[in-house]
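What follows is subunit A paired twice: with subunit B in the first complex and subunit C in the second.
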Partner chain A sequence: MKPSAEIVKIADKPDLKYVGKNVTRIDAKEKVTAAIKYLDDFEMKGMLHVKLLLSPHANAIVKSIDSKETEAVPGVIKVYTWCNTPEIKYNSAVFYPGQNDLEDEKLFTDHPKYVGDRIAAVVADSEEAAEEGLNRLKVLYEELIPVIDPSEAVKKECETPSGKPLEIHLSCGQFEEIECGTDGLIIVEDEVSTQKIHHAALEPHSCVAYVEPGEIVTILSPCQLIFGVRYIVSKVLNHPLSKVRIIKAPMGGTFGGKQEVILEPICAFIAKDLGRPVKLVLNRKETIISTRTRAATKGKVRTIATGDGRFVGREVDVLTDAGAYMTGSHRVTTAMGKKLFRLYRIPSQTFHGTTVRTNTTPSGACRGYGSPQIHTITEINVDHLAKRLKMDPVELRLKNLVAPFDDDPTGGPSLGNARIIECVNRGAEAFNWKERFSFTPKKGRYKRGVGMACSTHSNGYAGSIYPDFTAMYMRIAEDGSVLVNAGLHELGTGTLTVIAQIVAEVLDVDINKVLVSEGDTLYTPYDVGCVASRVTYVCGSCAKELAEAVLDKFKRLSSIVLEIPYDDLQLANGIVASVSNPAIKLSYGTLIARIGTILQEEVGGYLSYRSVTNPGSYAAHFVEVEVDTLTGLTAITDYLAVHDVGRAINPRMVEGQIYGGVQMGIGMALFEELAYDSRGIPQNASLSRYHVVNAPEMPQVKVMLIEEDEPTGPFGAKSVGEIAAVPVTPAIVNAVNWAIGVSINVLPLTPSRIISALGAL
Partner chain B sequence: MSIEAISLMPKNKEELVKCLSHADERTCFAAGCTDLIPSQSYLKGFSAFVDLTHVCNMNLIEIAEDCLVIGATATFADIAKNPYVQSYANALALAASQVGSSQIRNRATIGGNVANASPAADSLPALVSLDATAEVLGCDESSRMIPVMEMIKDINVSVLRPREVIWAFRIPLRPHVRSAFVKVGGRKRVTISRLNLAMSVEVTRNRLKRARIYLGTLGPRPLLADKACQVCENAVLESFPLDLFLDALADKVDEAIPTRPSRAYKRVAVRGLGQDILNLIASWECLH
Partner chain C sequence: MVNIEIKINGKIKCIDVNPRMRLIDLLRNLGLTSVKEGCSEGECGTCTVLLDGKAVTSCTVLAFQADGHEVTTVEGLQTNGELDVIQQAFIENDAVQCGFCTPGMIMAVKSLLNENPHPTREDIIVAIEGNLCRCTGYLPIVKAVEQITKESVDLQ
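On to the complex of A and B.
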């Protein structure tokens, strides 16, 4: 979509009351005062507790399970295995009919394929009894040899026709026809490995299920796609969609870890089978080993450029480790490929992605959905090229970055008002990049250096094969308050507040009078879910358009009731007034009641909204590191994150997203890795062994927002939730490589990897 | 803890001795519980749980005759900020200040750290470098004195018998002694030591004597860096043979873990720790 002359920059509108303001989160008080009850605190009369038997082996056949002693434990109600539960296979990422991802997962298995695979469940009337029952299960395994390395898995899976790795090809131009060596073209190649990462949400995975009258199987889940959960549960239980009710429960973080369907079908089946409420809450170890991870990747990049730094072509080959089940991993691979064509102008480019299964924890969604991996792979390569060309990495990028309203060369949606060049220019100036960047390491034990990286991310699914629609009801009540009835998911990111800001702005009512619901499949209209950085852009657009329609309807009905011309009415500050007759002033509530009485009509509306495009969000991050060349410890000593967000609906919450994204990205760069030994045993399934970035490691993150309005976004807004975590890792890796003069390309940059690289110099 | 387990909360030494006399192999004596709870071993059925945190005087830190006495239930937070410890056993103060997180340091006790006998325990090399002795209380109110080095039988196994607890640690007060502790883990803070190093040494007119230098994490017990100690003997701070000292430390790592994959990293990292600990020793007067 090209820019329109009618676009009015939000900054030019002085009368905005809520959009662009640091409105306090509407759920702040409940969270701060612990009024919100997370599922672990949730109790129901007669509730049963479930504990899962997770495989201790990465690849094994269960020869037998003896549950006699378990069933004798006082309080134990029943033991479930693959023998007495549905055999139906499903893919935990599928959320709508017609999606044909490989279905290879069941509720329970007699052939566990990773340490943490579900073999059985013990249900008891207390957690202690369930635990005791679990301890008394006697299981006989026949161990098989596991495959941990994805490269090895490619060879193995190729040997079995049913288990072939999945592949994806994307391209533009004619990469194969680029003649190298004849006209001074430079080729730079890299191989980069990124690691498996645990999401580390504060709240572990949990679920409650019970059956309501009418055989309605009801599930409380802190999930990201209530309708996706409904779809899988309905399929596995063979129960009508209309009788599967999913209620979004309060959530203590997800970062993609709770995007796929994991515990819900188990709880639903048990609750339906026993006719009693059941609760299943994983502990930290179980959450680490048995749920989902960020997919590990191995990427090969070959970039061809002119001697003056113009990208001519690029070839990228990525191998994604899906873990034990295919899950959404191939979607992640595909998403990685798509990002490649939307950051730099590269005339010819090919992407080949392969997704393969290994005997490790299944991969899946994780903040950025492949973006952190692919940008790490390619942005390290860009700095490598800068080194070869002896060109400042910022200068090199500026020669090649996309411009506003460029097309996607693969035919995808327009990049929209893509302001990455502005991010880089303004960021470099604020960071004093030119003075700080150095091609050569400094002397001394502690070496400082700077690095940067660029990235792009999506605003929903439009342009892909996945549906990207949402629907809402909106009503103004007789007291002038507004109810927005939507299938939203508050993940802790401020979604409900953002939607309330948009609605309050359009209707011009006190934001405290706007109530925005979370999702309940029985009562709220359809929404794809809180995924793909789509909520502010897609759901926010729906809320804005619907609010405008409701406002128009309100004005029309007011005109009839008050017998005042439509154009003479002004709706502002919760008051309906006549422009020509200042004496006529009625509150929204009064007028709503009058409309109800006289016209017998509700003032509200319903909108099913389809997203038609998918502009890019952009970011450039600048970082200074200090590396101790003896202990290998790296400290982040300065950090600047520059983001093209179109328009910040709530700047403070945008900054919060960015701080969190930087925290996750530092972890990926320096600390976090879910590692396995050769037998597939996780080596650090606890937070004392699995290091996330804690407060002493966090730098002061400076944030700069580029707000140039995306014409297709609500009030100009674009996404920030995922992209905030994307450029961090490559910026840090680049900074470390420049600081100490190495080329580390295996993540994370642990002290031992840094010392090893220095030793190889 | 099993449901039928009894909980006891002795208020003084006499009551504690009574608890000891009734204890069996399934009795759990604990204070901070910072190792116990994450291990979930409390779920495995203790017959009794004895909470040591209310025993009067068991957490005292005081000077007694020619020793610094540190009660076994003194928390790391107490130890890190105690002026006596900072003055007479700075290695221990520094180690205590780097154990776990603030929350852990407010709960975890030095007695528990030693009794748990983790090879990565930060207090162990510090205590050993300071020549500390553990006072172990038995069920008949008798005490036996055990050098801290001898408290450790194997990885996570101490020499404590079922009816014994550590009552206190005694660190001899020696004139002119300076001490320090440094560590490196996966990150700066709240991290388990990959390698730690403690040193105590007598310094008179900038000349070093009787250095006791111990490396942690390389085996079940702290390891004496004997050659590094020899390098220090009679050395003068202004002309300290730093390279020889660091080489000696690296050689000790090679000797201790010749086949471990972590050797390549630790033999370099120990040079960083060596530099840091000498800086702390040399800047002692500035710091104190």
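On to the complex of A and C.
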């Protein structure tokens, strides 16, 4: 049976204390006082410093390396290259045995495949000595011709059997059959390309590693998957998983950039080899050129619709630029395809995705994991169709959007309580869309116009080939404080606060008494990681279910020691009380101590939780832009973000996620592009040349939350962190296209692209 | 080496520095790790400190240039363990996510409020223009500063 009408609305429960409240994030104080130590702030006795030699060529063979002069630099300890490090190949996105993504990356290479590829490392007792040693390395390269354009790469890679591009097909219905008889149907085609983007977390990539007694190789990393890091490090070092310890370090932002395993195996290997602590901190340029980027894509969309605007079929073809190594890029391509079937009801649809390598910085995870790209491609196409049909784009979408509890036509998980129609209806009304939308551009130099876009994103991995489980310990201490021992990753998104809110709510204790841990593979149970927008939904559900079990156990044991029937006990406000006898009132702590003394038992529990559902999160963004048709500059003059979040555990933090997502999306729409010349040299590997949206460019964003409760989410909650960055870019592109009457489909919308589009009119 | 005398967070220090040493390195070497390095070229603002009460990016200032001057970092903001109003307002308005931009952002705001205790929204935005934040979209930061301004007006 489909639960819809009978859902009990969480908002209707008046007695929630922490869930749905703007609880202050628990690490805010240590952040404003700078008491928190990011890895670069971290020192250890005898710590060595590592600097990497990165390839200056996009495709080359290293003929020789002469490290004599380097080794003579005072303070230099050792030089590492492919000659004295493991040859084992790995894929930086793989996080569990059995995942068979193409393994094509090594610690160091003698065949650099992009500018930034790792050739060598110099280890020294000071950063200066490492730097000096690096400058004295003499490397002889033989340059080869690089391939920068992914379309070109598809042809080239096909020539070598081992280098075949990867392909994925997904479909529903009978797209080919519709194609045969399209009489009376409208067909709209678009080609859209999205660019490579630098994550621009303010903290550059960093890693610390050392060896603890018992040959435990310990790594501190501001990462998103401690257990994934452990898996790759164990593989590369051929060292048992139990003796590889990954500790989640404070994280100065990631946005997916620190999701894949990059620096950890190198630091681990060197620390193990030298038996000393090592630290590797990249500078901004190194972070831009040698870590990961958002994958660039080229998409082709063909939508077939009836004259009154019903989608009949759609064909989408996407080419993803993986950069020099396959990394998680093909996963990104696959994720893009899956999103296509979960936003509109399209009876027949086919997706073809291709992932190909080029001689550029490797791509990988980036906030939205393909969602911003695929929605940009398709949502531009929807507006194009609206233009052809002369139909309001909001009206067109409303005719086709999915409804709550629709099925995924490819057999994927149910869409759950999908409230996109409400997002669009309520948003359009609040934005005054009907009055503001115009098919034709206004007169004058400064042209204002509005646009919008819809999108969907996941809540974990359920329904995919990846495991989606997590485990936690929870214990109540003899002073009534609560310890949640979990492999969590605080990325700045407020994860620890959200979990504490959920636990405090269920156990009904003061939230300040709840301590939630971050991950440490030696001491915390398994968690897949902070990926796939899964943490609030999956880990939050685990925390809730475990807290319920612990509460029940607490009540049972209290009943025994107090000799009061279970049903007569009430556990609330940190107090255990008897309903029938108001004289009996004991604090949680007192009772825990009594249980410990009398029954000699710890009040706590362990839960391994598996997620089996994966509803969609939804959003509709509405934007007004003003384009200066003389300079081609675009300003965002009004913005409304409407999100179906199920239930906001912490509304203010949800808003924070949305603001940040909008900011990233504006960058993708208007400013950001990691560009390469024909030789593969990055053209803007610095923050002076790579423009990140700053305060004056940020519009006042209005946020509207649709909170209709996802029945499978903890207290009704769904994900928001990634989807917040998704509808932004297509909404802005659509607004610009309507404002000035063009159809730009190459990102970002730089002044020169806008001017040349205007010139072509 | 040059010998310099600087007042750092209220304490006078005499230090020998390499003439090529940047102020950021001097401060971080002294353990003032609130001063972050996000770009090394004056673009991100994570290394912002106050030089005689005015915000500067310490990655673009040489240590000896601070000779005879006063430097303030986030470590010098708390008085008797009490948070500065800016720190308090950042907490209350959720102006902090990952926290990496936060110390620099706070110093940029401090500089603004030193000069102009009643800034307009425009003034605030201009004051933090050189400080990048990839997490918050700046809006909660602006709101935090507006709250301080409003409270100080209310007090008068």
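One rule holds for everything that comes next: the second predicted complex is superposed on the first by the 752 of 761 C-alpha atoms of A that agree within 3 Å, B and C clash if a C-alpha of one lies under 4 Å from a C-alpha of the other, contacts with A are read in each partner's own complex, and residues count from 1 in each chain.
Heads up, the rule we're going with is that a residue touches a chain if its C-beta (ideal position, glycine included) is under 8 Å from a C-beta of that chain, and two chains touch if they have at least 3 such contacts.
As the structure is a prediction and not an experimental result, all values here were calculated from the model.
Of the two partner chains placed by the overlay, neither subunit B nor subunit C lies in contact with A:Ser242.
Within the superposed three-chain model, A:Lys37 lies in touch with subunit C and out of touch with subunit B [touch as defined at top]. Of the two partner chains placed by superposition, only subunit C is touched by A:Ala200; subunit B is not. Once the two complexes are overlaid on the shared chain, A:Ser151 sits clear of subunit B and of subunit C alike. Looking at the shared chain after the overlay, A:Asn573 reaches neither subunit B nor subunit C. By the touch criterion stated above, A:Ser686 is placed in contact with subunit B and with subunit C alike.
Touched residues of subunit A were counted for both subunit B and subunit C, and C has more of them. In the superposition on chain A, A:Gly660 makes contact with subunit C only, while subunit B stays out of contact range. Residue contacts after overlaying the shared chain place A:Arg652 against subunit C, while subunit B stays out of touching range. Once the two complexes are overlaid on the shared chain, A:Asn694 sits against subunit B and subunit C alike.
Shared contact residues on subunit A (touching subunit B in one structure, subunit C in the other): 686, 688, 694, 696. Here subunit A touches subunit C in the complex through residues 22, 24-25, 27-34, 36-38, 40-41, 199-204, 250-255, 283-284, 491-494, 652-653, 655-656, 658-664, 686-688, 692, 694-696, 698, 700-701, going by the rule given at the top. Across the complex, subunit C meets subunit A through its residues 28, 33-34, 36-44, 46, 74-75, 77-78, 83, 87, 90-92, 94, 96-103, 106, 125-126, 128-142. Here subunit B touches subunit A in the complex through residues 3, 38, 43, 101, 184, 186-192, 194, 262, 264-265, 268-269, 271-273, 275, going by the rule given at the top.
Only residues 128, 131, 445, 628, 630-633, 635, 670-671, 686, 688-689, 691, 693-694, 696-697, 750-752, 755-756, 758-759 of subunit A touch subunit B when the two sit together in their complex.
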